[in-house]
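Presented below are the structures under discussion, each in the form of structure tokens.
Next, two complexes with chain A in common: one pairs it with chain B, the other with chain C.
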Partner chain A sequence: MAKIIVACGSGVATSQAVASKITKLLKQRKINAEVEAVDIKSLKTYIKNADVYVSIIRTKEVYSIPVVDGVAFLTGMGQEKELEKIINAVNAANDKK
Partner chain B sequence: MHILQTIVNYMLSLGAAVFVPLIMLVIGLIIKMKFSEAFSAALTLGIAFTGMNLVITFMMGSIGPAAQSMAQNTGITLTAIDGGWPGMASISWAWPYAFLMFPLTIGINIIMIMLNWTKTLNVDMWNVWNKIFTAVIVSYISGSVVMGFVAAAIQIILELKIGDAWGPQVEKLTGIPGVTVPHFVTLIAVMLYPINKLMDKIPYLNKQLDADYLKEKIGIFGENHVMGAIIGFALGLAGGYSISGALTLAVQAAAAMTLFPMVSKLFAQALSPICDGVSEFMRAKFGGKEVFIGLDWPILAGRNELWVAVIITIPVLIVFSIILPGNAVLPFAGIINLSFVIGALLLTGANLLRMIIMGVITAPVFLYAATYFAPHITKLATSTGVVAVKKGMMLTWSTFEGPDFRYIFAKAASGSILFIVAAIAWLGLFFLLYKDTVKKGKLNE
Partner chain C sequence: MHYIGTIIALYIYIQIISKGIHSNEEEYLMSDKELFNKDLVFLDYEVTDRNDFFTKISKLMFEKGYVTTSFYEAITTREGNYPTGLQTETIGVAIPHTDPENLKKPFIAVIRPKKEIEFEPMGMTEGLVKAKLIFVLGVLRDGGQVKVLQKLMYMLMNETAVNKLLNANENENVIEIIDEFFENVEI
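Up next is the complex of A and B:
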């Protein structure tokens, strides 16, 4: 199953809120993926096994997996666009396997 | 009437792990969630409480004896164990009046927006626990639940106003427009404001230090489990344990530090549907207006300065906890002192050197507040049945948010004239901070 990680300061509240939201939205579209909230300090470890990284922060770093803007899921603005990006990445990851 | 009281007493006697989920289930059904979803969320909440109890008990059982041993060996008494914010959140959600904070927060926000008294729409429902914690503490110390809610209401209003002020700064620091961080933790800026103004006079402190380089170096030491292990090992040695004893404690401490956030996630998971539902509601009603969407602080977490400052202050906190007379707190789960750094980040505009200095200056304040509130927090933990605290030990949070606010207002609510004056002075300082920050925000546009 494709894996999506969301990272925030402690990996608890904000990233969980976004993770729950994404899980719900994906379920509505019948898309299967694992969504996990993680702590940003340990990002490098988690990112190795993930297919998409939903970021709450604007970062300059480039990763080998697609990065999606997580703030959109908190403010509601631009949410659809970011969700599409996630779905595309999940489908691409599932095709590879 | 008597029947109602019997029912309520029975429910309270069930303990937090059963009582609060029951309330959650009722609320979930009232806001028309599907029964299966409401049931799942409610049960998860019960699991969160139970899990939190497990980890705190484990932590006290492993760290506690070491702290006591250290006290005997060195004469340093640090008997209040730091359960960090997860411990406090858990206790807050267990308060019988906790869920009343939702309507209070939403109500005040809506009224203020409608009256154009604020531009901030706070959709961060998770941090409702922060208002609950204030209400609990103030009501315990003053003996009045009403005063607890008054203090919480003041906090809500201040958060929204400072949210208005921080808006431009948040955009500058994150690149994200239209959002702000109306978080109670940023109010430490009130205390830091005069210090910051003083620093303006020192030319060296107007330079920016490069954070990326430092963060690369610090890297792995910032991770929870590594830090826990180091603290556990050091504590073991200080407690006179053998090397194998200290190593065991190192792993146990690392376990506790790792498990805390994991269990806290369960709280977020359980409360998520309610928080989400409320956020949707707020957005639907007010999305059109020009607002700052109020989010939780992690959107600022991309600034390396935050992490560097926080990690450098870790040894500072430990040293202070040992040398400060009258301090009873052993910093542990709360050792990452986010409670000064976020306010400092926003106030100084990511000036790393100033942030570090502020971390050092505020460390004693946090430790003394944690010591002062420890008995009350412990009483709250045991009376709600959230955690069983062993005799001779106390539970607290070494770096809880707004130590100055909570201390002053708790004392003021108890009727102390001195502190009522202090509260008014604090509010005056808030006003100055607000005006100054709004002015700086306009200059940046």
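Up next is the complex of A and C:
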């Protein structure tokens, strides 16, 4: 199954809320993927096995997987666009496997 | 004889353990209402800037027994590294928080500053957020509070609820507005 990781500064509040929302939205669209909220400190480890990284922090780093703006899921602004990016990445990942 | 004694001891032991588990569950399932409190609502709060805000609110939360002495340092450092300003369609807000080790009790404080306070935005957007409402999240690592945070975000996207909060006159009203929204929202 495709894997989505969400990270914020401390993995306590916001990343879990965003992960929860994404899970719900994907379920509504009948898309299968694993969504996990992770600690920013362990990000590099998790990125290796993930297909999409939903970021809630300011980052200039480039990753080998698509990066999506997670704040959109907190504010609702631009949420649909970011969700599409996730869905595309998930579909691409599922096609590969 | 020993056999009966063992069974009784085991029974008592299980009772104690299950009570322990239940009280953890109660904490875990701590309701939204218990995190918000009219004593933790501050309307027309006067501060000069974001730093002044953190100084004042940290002192207040410490005096009320909710946070440790490390809270101020922790929350300002975290805000510097991972800003919490959020711009929804309806309003600019901030949700500053820090690691649970700085907390004594979980809470959510609601502040409506007299003058907007500027926060850096969360994530990758540009431009400062002029926060008209600030929610200081004293949330613990495990569980139940994630739902509260989600409900909070939904509320901040709701123009009606936001306008009510911006116009509320009393602390009690703020709590009522939040309770009512939380009770009815589906996340």
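Convention: the second predicted complex is superposed on the first by the 97 of 97 C-alpha atoms of A that agree within 3 Å, B and C clash if a C-alpha of one lies under 4 Å from a C-alpha of the other, contacts with A are read in each partner's own complex, and residues count from 1 in each chain.
One rule holds in what follows: a contact is a pair of C-beta atoms (placed from the backbone, for glycine too) under 8 Å apart; a residue touches a chain by one contact, two chains touch by 3 or more.
The model shown is predicted, which means the values in this text are computed figures rather than measured ones.
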Q: Please indicate which partner A:C8 is in contact with in the superposed arrangement: first for chain B, second for chain C, both, or neither.
A: both
Q) Which holds for A:N91: it touches chain B only (first), chain C only (second), both, or neither? A) neither
Q) Is A:N32 contacted by the first partner chain B, the second partner chain C, both or neither? A) neither
Q: For A:S42, select first, second, both or neither according to whether it touches chain B, chain C, the two together, or no partner.
A: first
Q: Name the residues of chain A shared by its contacts with chain B and its contacts with chain C.
A: 8-10, 12-14, 16-17, 20-21, 24, 40, 55-59, 71, 74-77
Q. Contact residues on chain C for chain A in the complex?
A. 78, 81-83, 86-89, 95, 97-100, 121-125, 137, 139-141, 145-147, 149-150, 153, 156-157, 187
Q: Could you please specify the touching residues of chain B with respect to chain A in the complex?
A: 86, 123-124, 126-127, 174-176, 178-179, 222-224, 261, 264-265, 267-269, 272-273, 275-276, 279-280, 283, 287, 293, 295-302, 307, 338
**Q.** Interface residues, chain A side, partner chain B - complex
**A.** 8-17, 20-21, 24, 37, 39-42, 55-59, 71, 74-77
Q) In the complex formed with chain C, which residues of chain A make contact? A) 8-10, 12-14, 16-17, 20-21, 24, 40, 55-59, 69-71, 74-77
